[in-house]
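Chains here go by letter, A, B and C, matching the order in which they are written, and residues are numbered from 1 within each.
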Amino acid sequence: MSLTADDVRRLALLARLELTDEEVDAIGPQVTKILGFVEQLALLDTEDVEPMTTALDLDNRWRADELVPSLTNEQALQNAPAKDDSCFLVPPVLGTAASKSSH
Amino acid sequence: MLDSAAELLRLQENGDLTAVEITEKSLSAIESSEKSINAFTHVAAEKAIETARRVDAKRAAGEPLGPLAGIPVAVKDVLCTSDMPTTCSSRMLKDFLPPYDATVVEKLRVADAVIIGKTNMDEFAMGASTETSAFGVTRNPWDTDRTPGGSSGGAAACVAAGNVPLSLGSDTGGSIRQPAAFCGITGLKPTYGRVSRYGLVAFASSLDQVGPMAWSVPDVALLLQAIAGFEPRDSTSLNQYVPNYSEILQTTDLRGLKIGILSESSETEALDPAIRKAVQDAGEVFRSCGAELVEVNLPHSEYWVPTYYVIAPCEASSNLSRYDGAHYGHRTESIDTGSEHGPLVSAYCRSRDEGFGAEVKRRIMVGTYALSEGYADKYYNQALKVRRLIKGDFDNAFTQCDLLLGPVTPSPAFRIGEKVDDPIQMYLCDLFTVGANLAGLPAISLPGGSDSKGLPIGIQLQAPVLEESRLLFAAGAFQTATDHHKQRPQPLTETK
Amino acid sequence: MSKHEITTIIGLEVHVQLKTKTKLFCSCSAAFGAPPNTQVCPVCLGLPGALPVMNEEAIELAIRAGLAINCSIPPMTKWDRKQYFYPDLPKGYQISQFDLPICADGYLEITDPEDPDSIRHIGIIRAHLEEDAGKSMHDEQTGKSDTRIDLNRCGTPLLEIVSQPDLRSAAEVKEYLTQLKLILTHLDVSDCEMQEGSLRVDANVNLHIRFDGKKIATPIVEVKNMNSFRAVERALEYEIERQYADWEVDGLTIEDNPKTTRGWDDVKERTFVQREKEESADYRYFPDPDLLPIRIPAERVEELRQSLGELPRETFARLQSQHGLKPYDADVIVNQGPAMIAYYERVSELSGDAKRASSWIQQDVMRTLKDRDVSIDDFLVTSVQLGELLKRVSDGQLDNTRARDVFSYLLEKESTVEQAIAALGIEQVDSSEIDALCQALLDANPAVVDDVRGGKVQAVGSLIGQAKKKNPNANPQQVRETLLRLIGK
């Protein structure tokens, strides 16, 4: 298994990384190598093994439906790269491919 | 060089030293070593002095004091602090100031500890050498051409350099234990869920755990006591009684204790002979303390690293999705408004490309791939199943023994730059440590001697879930019987 | 519309916001309408290090809803991350449920719009919990200014209810949504207000056309942006017509174009193509390692089932069988919700006249509620008062007109029915008094007497009016009977 430059670019877009051509050339073989390394897992027969999603087999952890004070608007926006008087500002969403309604 | 936390507490109680004096000593030690080792991303000198003054005032007024009163503690820069930047050593979070404290940081404050600053690390805790930090490498106080290990490299180096007696690290695949071994100190990864993860910036959520680092076992126990306990804000926190960890550190009598030696780890070619010897010697020490040594097997140990390097990148790729420059963190200044994907997607891609370093990007790419349609079964789901087999091995082994003894790392501290371009070599540094993370077990790294170059060597003990006390009991006995943990590096000069 | 035999195939994805005080994974308020970014915390802002803890109430509400739509509640359910980048989703993933939803395999009974006497079962594939996203406010004019993001809504609990493609017309869809809303509001699980976004509908629709002896399926279209039940109905009616017309022109089938998304334009009354994403969606679902699985014991599910009480559909049937109401009348009352049903049942019981109670509630009570914009809980005429009042009408002590006077009086002044009757000076009129009154009217209006004798019985109507004027307490029915008796008819 080997990732082509196109595979790498597609993967990078999915991960929202804009890789330079040099990065694509460097990272492709590295990722290929890492995937090759971990591929040995497929050698194990795990037919009847239950997947382990958390480190400990616990369940049912919840909280009561009770209000706790929120952050202030100022605190909420304190690290925003761009903001107006009350909202986060992001580059225009309209005109982009990934429209909100498609999720 | 600062005394141990236990000693500093005693000196304050006796009136021989004030918290302000201790803090000033700590700050001046940092100042003289920082140019050589670069252990900190942020030193909060004024705030620390302020805290120390409050502690002294409380003491003078006869008010009750917390268990870490006046003790300087360094906090790995992966833990949120509301009064200091929290960067994860990433350009992405360069100026990020959290509006809240991590629970462990809150607990330090309640314990009247003096938070001295934030320590350098591999970017987002991904690495084993602290070389992937966006703010420069941290150097090993024993040999500044070598790495202190990672990802909690700054946390280990600042203790080894005598800057602080106590330091908080985090361990996802060995990130406390490996740097502790490289820097000749003691570091403990608690049971998954023993210490709150709330406010610990997530790398791999099912593996991450915060833990204490210090020269010796009593100080490690002291810091663990302050941070352990149930946390309602962390769904994976264990709602279990926290024992008194210091209580059991009085004896060297280990009669009745069965210590398992891993037959396969001693056979690994990758293992440095000096480390193999140190582990054997440690076994003899335990035997001389009355423990019984038994040989045990963990049949799936060869799959630890590949399992880890699927699960950790998968979770990381998801956990790091939040860094997109929309609500906080780095946003690119050059948005391509004419991009074929539109300005928003362009801003995302460019901000993330600029904000993350090479290792983080690699892991995001691997994790994204291993979770993607058509590949998740082969990689991610298979790794989850193997993880259960690995946990089963440990469960099995602990029916035959009470603790497992083995190495921490395949080699002592390596040179800066030696492995940085070879991800797989770097990943193999985690050969002996990732098992405890995959199985959620507590494990401790102890100084176990040094190699011919004088570099520290670590030995590791692993225990069943929630058996931190047993771990500390045996480790304490080991340190009573040996002097490895009393070795110190040459004082650092500012020349480097 | 067509010369071919057509079957319309519609499946719905309905999102309802659960009525919890706090969000699904943090303790911020889930209330609607606060100033932007004031109901947020590190968890729902997706700040580094923050962790989710699920809201117990959301689990209970989801199970109650699931049981009411006849779903099974599997013994184990879990949380998964659905990953995509969008600025109203600060974590870069939505916590949802992928392969083990909290509710599975149910159905909803609806009245067949084509035949009110028959019932249709609409299958429900699953209902799962997930967190809502925040709100993006775009520059609608030029599309060039920055988008504003408000994360107050981010993390509020949603239940997504996915139906089988069992719906066959826009009218059925409307009926399905009405029933669903009725059940969920009845259980107080959700407000189901489309305007406020607490109920959102996406519809998947296509046509199966019988053509040349073969069955042809048109491309499936997902219709979005429908903001009212009416809009849903119109959008689907439009879309059904459009798909057929397009197929007649281009002949495209599901094989040519598997699925597209169209939005509904409420002003232009048409659907329009929404721009497709260039990359195919790959959500990379995986179990959220920050959350633990949920295991609901069967006994707990049973407890919750018992706590549901009578569901609207059951009440609807009972009002017909037990109270003898017509389906239409039963439907109107049930649609008003549990408080109105309770009100009706009390009035019906006390008055001893189910139909009169139904008619008064549908007319006088509901009109007043609407005029005054109050709910039945705050209504000034209690069910006991109305029951007592209607009992007097049934017993012939009051006529409808005088009863309405009493009703109006009770709306204005706090008093008993007894007091209201006294205050209005209403008294039983002695029958000899009525006889005298009627005789006097007949004497004064011989023409009416002739008309009635000549067969025009309705001519007495004018005299009834005059009798009421002379004595407002005279019962019109009694006056009429007396007049006819005296005329000898």
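In the analysis below, a residue touches a chain if its C-beta (ideal position, glycine included) is under 8 Å from a C-beta of that chain, and two chains touch if they have at least 3 such contacts.
Just so it is clear, the model here is predicted, and its values are computed rather than measured.
Q: Could you tell me which chain's Cα centre is nearest to the average position of every protein Cα atom shown?
A: The most central chain here turns out to be A.
Q: Work out the mean Cα position per chain and let me know which chain is farthest from chain C.
A: The chain lying farthest from chain C is B.
Q: Report, in whole Å, the distance between the mean C-alpha point of chain B and the mean C-alpha point of chain C.
A: 57
Q: So the centre of each chain is just the mean of its C-alpha atoms; given that, what is the distance between chain A and chain B in Å?
A: Averaging C-alpha atoms per chain gives centres 24 Å apart.
Q: Taking each chain's centre as its mean C-alpha position, how far apart are chain A and chain C in Å?
A: Here the centre of chain C sits 40 Å away from the centre of chain A.
Q: For chain A, write out the residues touching at least two other chains, lowest number first.
A: 13-14, 16, 53-54, 58, 61, 63, 71, 76, 82, 88, 90-93, 95, 97-98, in rising order.
Q: Among the residues of chain C, which are close enough to touch at least two other chains?
A: 42, 45, 53-54, 85, 87, 147, 149, 151, 278, 282, 284, 289, 291-292
Q: At least two partner chains per residue is the criterion; list those residues in chain B.
A: 96, 99, 206, 232, 235-236, 317, 321, 324, 326-328, 341, 344-345, 348, 368, 372
Q: Please output the residues of chain C touching chain B within their complex, sorted ascending.
A: Where chain C meets chain B, its residues are 42, 45-54, 81, 83, 85, 87, 90-93, 147, 149, 151, 278, 282, 284, 286, 289-292.
Q: What does chain B use to touch chain C in their complex?
A: Residue positions touching the partner: 79-80, 86, 88, 93, 96, 98-100, 102, 197-202, 204-206, 232-236, 314-315, 317-318, 320-324, 326-328, 340-341, 344-345, 348, 368, 371-373, 376, 380.
Q: Show which residues of chain C lie in contact with chain A when the two form their complex.
A: 20-22, 26-29, 35-42, 45, 53-59, 76, 78, 82, 84-88, 94, 133, 136-140, 143-151, 224-225, 261, 263, 274-279, 281-282, 284, 287, 289, 291-295
Q: Where on chain A does chain B make contact in their complex?
A: Contacts found on chain A: 3, 8, 11-20, 23, 26-27, 30-31, 33-35, 37-42, 44, 46, 49-56, 58, 61, 63, 71, 75-76, 78-82, 88, 90-93, 95-98.
Q: Could you list, by residue number, the parts of chain A that touch chain C in their complex?
A: Residues 10, 13-14, 16, 53-54, 58-68, 70-73, 76-77, 82, 84, 86-95, 97-103.
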